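What follows is a short report on a single structure.
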Amino acid sequence: MSTSLRDVRDQRGEVVAVAQLGGGMVEVSARLPHLAGVAKPGQFAQLRCGGSTTPLLRRPFSVAWTEDDVASFVLAPVGVGTRRLAALRPGEPLDALGPLGQGFTVSGATRALCVSGGLGCAPFPLLIRALRRAGTQTVTVVSGAASAARLYPAARFARGDPGVHVEQVTEDGSRGRRGLVTDAVPAHLDGASTAVYACGPTPMMVALARILQGSPAPPIAQVSLEAPMGCGYGTCLGCALPVRGADGQAWTLCCREGPVMDVETVDWDELMTLPPAHVA
Amino acid sequence: MSTSLRDVRDQRGEVVAVAQLGGGMVEVSARLPHLAGVAKPGQFAQLRCGGSTTPLLRRPFSVAWTEDDVASFVLAPVGVGTRRLAALRPGEPLDALGPLGQGFTVSGATRALCVSGGLGCAPFPLLIRALRRAGTQTVTVVSGAASAARLYPAARFARGDPGVHVEQVTEDGSRGRRGLVTDAVPAHLDGASTAVYACGPTPMMVALARILQGSPAPPIAQVSLEAPMGCGYGTCLGCALPVRGADGQAWTLCCREGPVMDVETVDWDELMTLPPAHVA
Amino acid sequence: MPELQVDLGRGLRLSNPVGLASGTAGFGFELADLVDLDRIGALYTKGTTRMPRAGNPPPRVAETAGGMLNSIGLQNPGVEHVATVYAPLFSQWRCAVIVNVAGATVDEYVQCVRILDGADGIAGYELNISCPNIAHGLDLGRDPGEAARLTAAVRAVTERCIVVKLSPNVSDIGAVAAAVESAGADAISAVNTFVGLKMHRQARRPVLAGSGTGGLSGPAIKPLAVAAVAAVRAAVRIPVIGVGGIIDTGDAVDFIIAGADAVQIGTATFPDPSTAVRIVDGLTEHLAMVGISHLSELRWHPQEPTIGLFAAAGVAPPP
Amino acid sequence: MPELQVDLGRGLRLSNPVGLASGTAGFGFELADLVDLDRIGALYTKGTTRMPRAGNPPPRVAETAGGMLNSIGLQNPGVEHVATVYAPLFSQWRCAVIVNVAGATVDEYVQCVRILDGADGIAGYELNISCPNIAHGLDLGRDPGEAARLTAAVRAVTERCIVVKLSPNVSDIGAVAAAVESAGADAISAVNTFVGLKMHRQARRPVLAGSGTGGLSGPAIKPLAVAAVAAVRAAVRIPVIGVGGIIDTGDAVDFIIAGADAVQIGTATFPDPSTAVRIVDGLTEHLAMVGISHLSELRWHPQEPTIGLFAAAGVAPPP
C-alpha cells in the first residue's frame, strides 16, 4: 500500500543539450522542471523519446545532474532503447516519469567514497553535490572502466569542487591505475568516518561487498542496483531483487525499495546467479 | 515464373532534400543512382527509413521524379510508415527496393489527359516528361483535391514545359473549379487522339471508368492502382486485385502485373466492395 | 452525450467500459497517485490466492518486439489480507474493484471467493483460469469441462458477478467460453497472456528464471487477442471484456467492433499510466465523431452481408 | 572453419541451416533475382495442393505491431504443374527445394506426394497441417491422432524426407510433435502462423476478406515461436526447424539455443530479401566468436543445472 508516488509526475521535456562524453557515453539534458526540482541523488526516472511506443517499455536512468529546470542523464547505446535515447537532438521531446525509487542516504559523514564502474557513474554527480552541501569534507571517487575511452570524464564528477578527488582505474591500464576499480578501494576505507556508495556492474558490487565484509563497518554502505523493469513504480512486481529476509531468502522491488540498497541487505550469492540484465 | 526482377536493386540512398508542398504533402529526394537511372513512369519502389524494421514492412511509392542520380517521391503522413518517411531529414538514409511493377504505356499519342486525385499526383511528373519526350504534343492534367491546400502544386506537373496544361478542381471550390476531378474529364476527351492516364482514390477511378465506358475509346486508358503489399515483388501473393478474367472474375498481382492496369481489365464492381487500404 | 455505461450482469454496472487489467494495477494503492481511479470503469486486482505467495525468482520481466514477457508467479499477500486489509479501502475510489482470483484447484478458488464474499467493497470476481506462470495454472483453463466445473463451484458460493478470464493457449477458446457460460459465468474476459520464451544469447538459456517461459502481453498480441474475442463473441451471449495489447482509443474500438462490451488496459499502463483515462475520454469522442450513442452499435455482425465502404458512401459502381 | 551442415534425415543434408519459409519464397523463381538461392540451405515452396487454387479475395495482407496478417488462401498452380513444370528447374539452384504440401483430407496429401515423388529435383516434403487460412486447414493439425494418421499415410508412399509443419494454435504442441514423430516424420518445423484478426475501424469489420482472420507472422510472434520450439524439442528426438519472427542472426541463434537444428526465414524476406543470406554469414561469424564448431553446441539443456554467467566467468561470490 505504497503511497510514496505523490511526488511522481509524467512530464514531457524538451531536450536542450546532448553531449558526447567519449566511449559512446552521452549526456542528455532536458527541460524537466518537476524532476529537476524534486529528484534526490540515487533516484531515477523512466524515460522514452517523447510519445514513442517503440520500444514498448520506458527505460530507467539515474538522474545524473539537475540545474535550474534542467535534468541530465548519462547513458550509452547498448540496446534498442538507449540507442534511440542517445540519438535525441536538441528540440526533440523526452518523456520522463519520476522521480522514482529510494535514493542514497546523504548524511554528514566526514568523508565519502564513491565507487563507480563504467556507466555506474551516472548517479554520482548529483550525490557528490548533495554530500558536499550536507557537510562531507572530502569526497573520493574511484572511477573504473575497461579502458580510458570508457571512463566518465573526471571533471564531471567534481564539477569544479576542490573537495572532490577522482582516482581513475582502467582494466587495460590505458589511464590511471591498471586493474579493477575495487583494487583501489581498500586504501580509501577507514571505518566509521567514511561513507561508501557504489554503482556499477554486479561483479564489481560483489567484490566491493566482499571487501567491506572484511573491513570495519562504514557508517553508510550503499549500492545502486539494477533490475529489468516493467513499470518502475511498484505495480508490476517485475523488478524483484534477492535480499536477506528475516526468514532467509526473499525478494524486494528494485524500483520501490531500491534502486539504492544497503550492502548488507542484498543477497549477493543469489544475485550472482542472475544473468546480466542486458541481453545482446 | 516471373523473371522481370533483373533490374531491381535494394539500394541505400541518402536523403538530399525534403520539400514541404503544403497540405501535409512532402517530396522526399534521395541519391539513388540505380533507381533514378532505370525507373520508368508508373513504376514504384518499396521504401523504408534506412535499416529500420519498424514498421515491419516497407511501403510502396511511385517514383515521382528522377534527375541525374536522384529519385523523388511524393507522400503525405497518413499512417505510421508515411509519418516516419515524411520526417526524414537530409543526410539520413533511405532504403529503396526497385524499380518494381509495370509502368504506364508511353506511346506517341497526340494528346494525353492525366487525371490526378489527391496523392494520385505522384506518378505524373515522370510520366509527363516521358510523354513529351515521346512526342505527345499536349498534356492536360486535371488535378483534384478536397481543398486548395491539398492540391499538388500545378507547376510541379509541368516543370516549366509549356506543352503541359493543368486544370485544378477542388471539392470545396477553394481553388479552380468546384466539384469532383472527374467532372472536368469529359471536356478533354476526344476519342482516338487522347491517351488517358489516371491515379487517385478508388471512387475517382470508378467514376472515370464509367465516363470512359460512355465515350469513344481512347488509344490508351490506364490507371495506377493500390493494394496493401507484403513484398512488392510478386512473392507473397498478398496484393491481389480483382480483374475480369477469361472465365469471369479473377485476381492479379498489383505489384507485378500492376500497379498500372488497363481500365477495361479491372473488375470495378469487385474493387468497389473493398475497403480503402488505409486503416485509420 | 454518448453513454459509456456497461452492464456486466448481477447488478454490476460499470460507469464506463475501460478497466485496468489484473497484474498491471496491483490492488489500486500502488498506482492511485498516478492514475485517477475515479475516472475508470473497473480495476481488476492482481491475482489473489488462498495463501500468500512470494512470487517467482528474478528475472521476472523481459521485453520483446512490441511486447513483454512476465513471470511474476502470482506474488500476492493472500486472500485473507486482501479481504480484511485491502477490501475495506476499495470504496475510496469510484471505479468498481473486481478481485482476480487464482488457484491450483477448484477448492482453492471456492475458498478464496468465500472469504472475499464476506468483505464489502468488492464488486465481483475475475477467475483467472489461465495463468501461464504457475504450475498447473493452465490446466483448469484448457479443458472446457474443467473450466465449467470450476465456474459452477464458484457460482454456488457467491451472488456477486463472476467474470471468467480465459487463456488463449488453447485449441478452441470458443468451446471454453461456451462451457463457462453454461456453468453460470456472468461475463468473460479474453485474453490472458500467451506462453512465450526469450533467450539470453550469452548465457544460452532463457532470460526468465524457472522454466524460462513467461506470458506475452502488449501490442504484439493484439491481433491474436482480437481474434480470440471474436471467437468468444460467436460462442456466448454474456458480456465479453477484451484485453490484449490495447494502447490507444483505436485499439479499444477494435475490440468493441470484434464483439467486446468492455476492455482492459494492461501493459500499456506501465509506460504510460494515463492510458486508461485517455481511452475513456477517447471513446466518448469516438462515439460523438461516428455519431452513435452507444458503443455496442460499433459491433461487427459477421452474419450481415458486407457492404463496401465506398458503396455505403453512395458512390455508385459503373453500369 | 565452423560447420553449418544439417542433417534432416533420409539422406537430406542441408549445406546450412537457413531456409526460406513456405509462402515467402514462392517456388524460387519469384525471387531468384533478389536472393542468391545458391547460398541458402533450403527453400520451402509455397503450399501446394492437389488442384490449382486462385486464393482468397483481397485484401489478403495487413500489418500489425511488429507483425503481419496474411490470408492468401493457398494460391498455387496445383501439384501437377509443380511436378511437371517447376520441379525440373529446381536443380538450377544449389539449395534443397522442399515442397510444402497442403490439403483438406489425408487423401489429398497422399495424392500430392505421390505425384511429386515422380519428379526429380525435390529434396523432401513439408506437410503443412496447420494453415489457418483455408476451411479445415487446422483440423488435421490440432489433433495428435489425426496428425499421426496423416503422417503415417504419407510415410507409406515416399522415401523422401518428410518434415511436418505444426500449428501453434493448439493446447499442447508437444503432443502433436510426439505423435507425428512416432508416425514416421523425419523432422518437424515449428511454427506456422497464429490466428489473428485486424479491424477496419471505419468499415467496422475485419480488414481481411472472408472470415476476416489471417495468420500472424513476424517479430511479434518470435517469443511464442521460440516457446513452441522448446516444447517440441522436449517432446521429440528428430530435427526441429524453428520459424517465426526471425529477422537477424541473433534471432536465429535464439531458436538454436531453444533446440532448433535449422531455421526458416519468412516475413523478414519481404522488407529485406537479403535477410537469409546475411544470416548464413552471421551464423558462421557467431560460431567463430563464441569459439565453437557446431551450432548444436549452443543448445540449452533444461535439465542441466543453471550456472550464473558471472560465476561461469570466474567471478567468485563473497564468502
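Here the chain labels run A, B, C and D in written order, and each chain numbers its own residues starting at 1.
As a convention for this text, a residue touches a chain if its C-beta (ideal position, glycine included) is under 8 Å from a C-beta of that chain, and two chains touch if they have at least 3 such contacts.
From a predicted model like this one, the values you see are computed outputs, not experimental measurements.
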Overlap of the chain A and chain D neighbour lists contains C
Farthest chain from chain C by C-alpha centroid distance is chain B
Note: chain D sits from chain B at a C-alpha centroid distance in Å of 36
Between the Cα centroids of chain C and chain D the separation in whole angstrom comes to 32
Chain A and chain B have mean C-alpha positions lying a whole-number Å distance apart equal to 54
Listed in rising order, chain D residues that touch 2 or more other chains are 66-67, 198, 200-203, 205, 218-219, 250, 306, 309
Going by residue number, chain B touches two or more other chains at 54, 274-276, 280
Touching chain D in the complex, chain B uses residues 1-3, 5-6, 8, 10, 46, 48, 53-58, 97, 227-242, 250-251, 270, 274-277, 279-280
Within the complex, chain D is touched by chain C residues 64-67, 69, 142, 169-171, 194-206, 211-213, 216, 218-224, 226-227, 230, 245, 250, 253-254, 257-258, 298-300, 302, 306, 309
As the complex stands, chain C meets chain A at residues 23-27, 29-34, 46, 54-63, 66-68, 70, 72, 75, 85-86, 89, 198, 200-203, 205, 207, 209, 218-219, 247, 267, 269-274
